[in-house]
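What follows is a set of structures to go through.
Two complexes come next, and they have one chain in common, chain A, joined by chain B in the first and chain C in the second.
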Partner chain A sequence: MTDRCLACSLTPEAEPVEHRRAQAGGGLRHTAKVFRAEALKQHRRVFGSRLVVFSMLVWPLMQLAATYYTVRPLAATPGIAGRWPLAADPERLLAFLATGALGFTFFFSLVQSAWHFSFERVTGTLELLFLSPAGRLAIVVGNGFGALVQNVWLFACFMVALFTALDVVHVAHPAMYAVVFLALLVPAVAWGAFLNSLLIFSRDSAFLYTLLDDPMWFAAGVRLPLFALPVWIRVFGSVLPLTGSLAVVRGALLDGRTIGELAPTLLGLGALTVLLTLGAVAALRLGEANAQRTGRLRLF
Partner chain B sequence: MIETQDLRKEFRDGRTTKVAVDGLTLAIPPGRVTGLLGLNGAGKTTTIKILATLLRPTSGTVRVDELDPLRDPKAVRHRINLIAGGERMVYARMTGRENLWYFGQLYDVPRAVLGPRIDELLALVGLTGAAGTVVERYSRGMAQRLSIARGLINDPAYLLLDEPTLGLDAPIARDLRRVVARLAAEGKGVLLTSHYLAEVEELCGHVYVIGDGRHLTEGSPAELTARTGGHRTVRVTVPGASPEVEAAVTAFAARAGTVAGLDRAGDGALVVSVSHPGEIAGPLTMAIVGAGGTLAGLEVTEPSLEDAILALNDAAWLVTA
Partner chain C sequence: MLSPPLSPHVIRATFWRTWTVTRRAYPWSYFVGTLMLGVFTVGLAHLGLAAIGGGRVAGDFVTATGSADYLGYVTVGAAAFMFVTHGVLWAGKALIQEQREGTLGALLVAPAGRLPYLLGFAAFAFTAIVLEVSVLLGCAYALGVRPAASGPGDAALAILVLGVAVFGMSLVLSAVMITAGEAHITQNSVFLAIALLSGFTFPRRYLPGVLQWLGELVPTTAAMDVLRGVFTTGAGPAPGRTAVALAVGLLYVVVGLLWLPRAERHAMERSY
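Showing the complex of A and B:
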């Protein structure tokens, strides 16, 4: 270590620039900086090896293949075309399952990233986040967004190629592609922020990881249509944003529905997104207040 | 100036309540290194975390340049930073430069300032050559030095140092002490806790001593040492000392209200040790010479801050008991 002076801004006469900026506001710009930094940090922390491509593409594809070849024999069931027409057409069945896999990858990648985020408590860096003036919501949203983009981009590209090859996508209007994209992205980011908010404060919320794996793909209709599920499972599925996202994605891409026809689903999805965001804000406030009271932010 | 008034922090665990900080009133002015001393569990880290806004006091007030951290935490967080000993508080899979860039974003350091500041801080902690290396390849000391640079990334007006040199190699710790002294000289307010009392003695202009969360005493290191009745220890080596010399030393110590230690060195020389708060080196040597002894060595050890802290803690413990 050399004994050098810091920048001239360390002189007592000079009020540090960031102090003045903090007093002058600039909250939105700061939020954007935190969001970007957190997304990049998430990328650098998680993607340390090229083997990560397995979780980005190979693993979801294997799951899709396993599901397809499990469900495929249904096509031979007598009368299946009357009860679930889609199952009688192998290509449309594959498209149905592929949309489910894509949606599940979106949402489950955020469950994984939230679980990773909870390790900030173990590594001692969580305190540093709360020591800083950065907006807490910007941190958890940025973290979720970063995880989402890096986890799904490769599989999403593959899905686009698959849909193009199958020629099963028929949208009512090209703008529906944007609707589909947003219906996946926005609720997923809110979902990630909510999970991050829960997992960074609670040592005992790891059960969510288990709860939101198999039960989520089952209850959200990832691999089976919702009408095939018992009512109580559908009720559970209705509180999962993935359920609404899949309804929009499948409705727009596979059934050619218009935005008007999907409006009720979109409104429900929007409401759920708002609720998740508010839940994240509340969890962050309550969690930080509790940590300030109990000093348990650093325990793990 | 950071000021606290009657600061109290309780932790509840079921039906039991532990008082970690009990009525502390402190002042950490700009331009000075202020020490906070006490044995393990005295409440030092809890106090620092309250000042850093990581903990909320149960009662009492904190003001940072007149700002109330409870009402205006963001503005306070822009003005302070915390450096704790240990190498955990950085991201292992990011490079040193990426770590500093990331924390610079959290503190909203302007882009034009951040780049040069990162270079400056990396140079300051001797990590310029390792700036592009991921932290998991750093040694423990390197990671800790990066943590120190991280604590300076927002150019804080007040720096809270909780055992900052813990585990650092001696030359690095020495350089860090120089940096801390420089920062204080340039106008920053620094609060330092350390188990290395020589470090506190060297750096701090004012020291608070706490025990069981309570304020025990305060003052400059020299004042604390004097106030607690620290004893100087005089060691005199007397070759070929006769029984008369031993008797004279024993009698002298008795008159001074203390006891003389009499040991024989390997070469048979008598080693006399006398501890006393006053200036007794002169009279002791006069007594030895007067009894026919000759002096081969004289060593006077001044009372240390460590002695003072131990004495204060013992006194506090006796009061509590």
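Showing the complex of A and C:
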């Protein structure tokens, strides 16, 4: 039997130029196929039971309500308009916390999906993943994207309804809605790819899962405005893409900022996205090289 | 021969077994996770009080709680929440842990009764939780929190009432978990629901009336009122609420004990 190239299904005897050209086109097709398959796998796993609605909608809503009631006695104090004008209006305070909850749901759902990679290790399918010809980056990006879309759509719809009901959103231009959407989606996918690449080689991913839950909402300003945090926590928070995403979401939706005013934040967010993607590529290369050398699919 | 319903041997043996297992493989993720939630909740209150409240708290908070000490209020709530969540993670998940490890069948044919087994587990959980909550209280102390206490006897009573509530909830949750063969969704739904309904970090009077009534269905709500009387206002445990807390807690214990045999049968039948 003649070996065929997996990307272009041409035999090695084919013309080299033709082969390369087919490989380039086939590479894209191949990536799309892996991406689709991985997202479908996520869908089948996540939607196995109707109970999923709890983690998708009920949990974040209960958390949002508890946070609102906890912060409210601080906002209803005299002189609040001078300290934090937004909180003077209870509805805008709720909207501030709701944007935080939405952003956190985006980014934390990826921590969860990355943690689910440990199940591949337990069930013994992780080795199969690395024996397959599927592009590694396509797997981790597809996995993150699939998890993201499925975990957040319900809560995102609910939030849109909530914002409409509260009538607190005043954007500078309708195009800002697209900016908000992209500022949440793109860094989140990169964040997911990065976490997936790290956790795919981890033996105890539950620990990172724990580590990224509470510190993330605290440092990224999910439940408190950034000015309330000490400088050293803000420095830590600036490494998290959620911080930048929330700054864009809140700036555009609640403060009516224009794209020009948000440009520095958007640039920072873009740089962070590129860094996370490069980090994902590096972690995958390092992990696989290590596995080829030692026979162990783990880095830490 | 079956051991008596409250055999001290079984309690001691379960305690000792769990102690040995935990000493060799301590579940750090549980501890760090619940501790961090507590520390960050207190941290949020601390930073928010300074930056948002300007060191002050709203008048309706003082009316509802009988105390102007917001930070102390949140700390007591965060510590109690850590006590409850960790208690459920230890004692409530004991049986599903046996099921996952494949030892539930062995436990069921053993002559030990279910109540002493779970009491042994709860005794161990209580020891572990007291140590773990002390770490949180130490962190809060460093932030300048000084909770009030009406006296050591009252404090012991309040902790006992919360302990009964946790034990009752753990029994019922054990039955739910082994019946459903699932723990993640059950435990998180319960934790988030009681965080909202039982008034851990905010006065329950803020909630809509329906939710206030729903809160009475879980034993932690009345237990929290007792805890507030002792550690927040310093007025001592209200006798009415103490009686309600104990009654609801014991009702959960009874329901759990009646349900467990059926749940165990169901869990075993399903695995074949």
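Definition applied: the second predicted complex is superposed on the first by the 269 of 300 C-alpha atoms of A that agree within 3 Å, B and C clash if a C-alpha of one lies under 4 Å from a C-alpha of the other, contacts with A are read in each partner's own complex, and residues count from 1 in each chain.
Basically, a residue touches a chain if its C-beta (ideal position, glycine included) is under 8 Å from a C-beta of that chain, and two chains touch if they have at least 3 such contacts.
None of the values given here were measured: they were computed from a predicted structure.
J.: Check whether A:123 is in contact with chain B, with chain C, with both or with neither, and answer first, second, both or neither.
T.: first
J.: Quick one: classify A:239 as touching chain B (first), chain C (second), both or neither.
T.: Neither partner.
J.: In the overlay, answer first, second, both or neither for which of chain B and chain C A:58 touches.
T.: second
J.: Contact-wise, after the overlay, does A:175 reach chain B, chain C, both or neither (first, second, both, neither)?
T.: Touch partners of A:175: none, neither chain B nor chain C.
J.: Give one of first, second, both or neither to describe whether A:36 is in contact with chain B, with chain C, with both, or with none.
T.: first
J.: Quick one: classify A:294 as touching chain B (first), chain C (second), both or neither.
T.: The first partner, chain B, only.
J.: Looking at the complex, which residues from chain A come into contact with chain B?
T.: Listed in rising order, the residues are 1-7, 9-13, 16-19, 21-23, 26, 29-30, 33-34, 36-37, 40-41, 44-45, 48, 123-125, 127-134, 289, 291-295, 297.
J.: Touching residues of chain B toward chain A in the complex: what are they?
T.: Answer in residue numbers: 11-12, 30-31, 46, 49, 52-56, 73-75, 77-79, 81-82, 86, 88-94, 98, 101-103, 105-110, 113, 116-117, 120-121, 123-126, 145, 150, 152, 154-155, 157, 171-172, 175-176, 178-179, 182-183, 186-188.
J.: Could you list, by residue number, the parts of chain C that touch chain A in their complex?
T.: Against chain A, chain C makes touches at 28-29, 32-33, 36-37, 39-41, 43-45, 47-54, 56-61, 70, 74, 182, 185, 188-189, 192-193, 195-196, 201-202, 206-207.
J.: Show me the residue ranges of chain A that touch chain C in the complex, using the header's touch definition.
T.: Against chain C, chain A makes touches at 51, 54-55, 58-59, 62-63, 65-66, 69-80, 83-84, 87, 206-207, 209-211, 213-215, 217-218, 223-225, 227-230.
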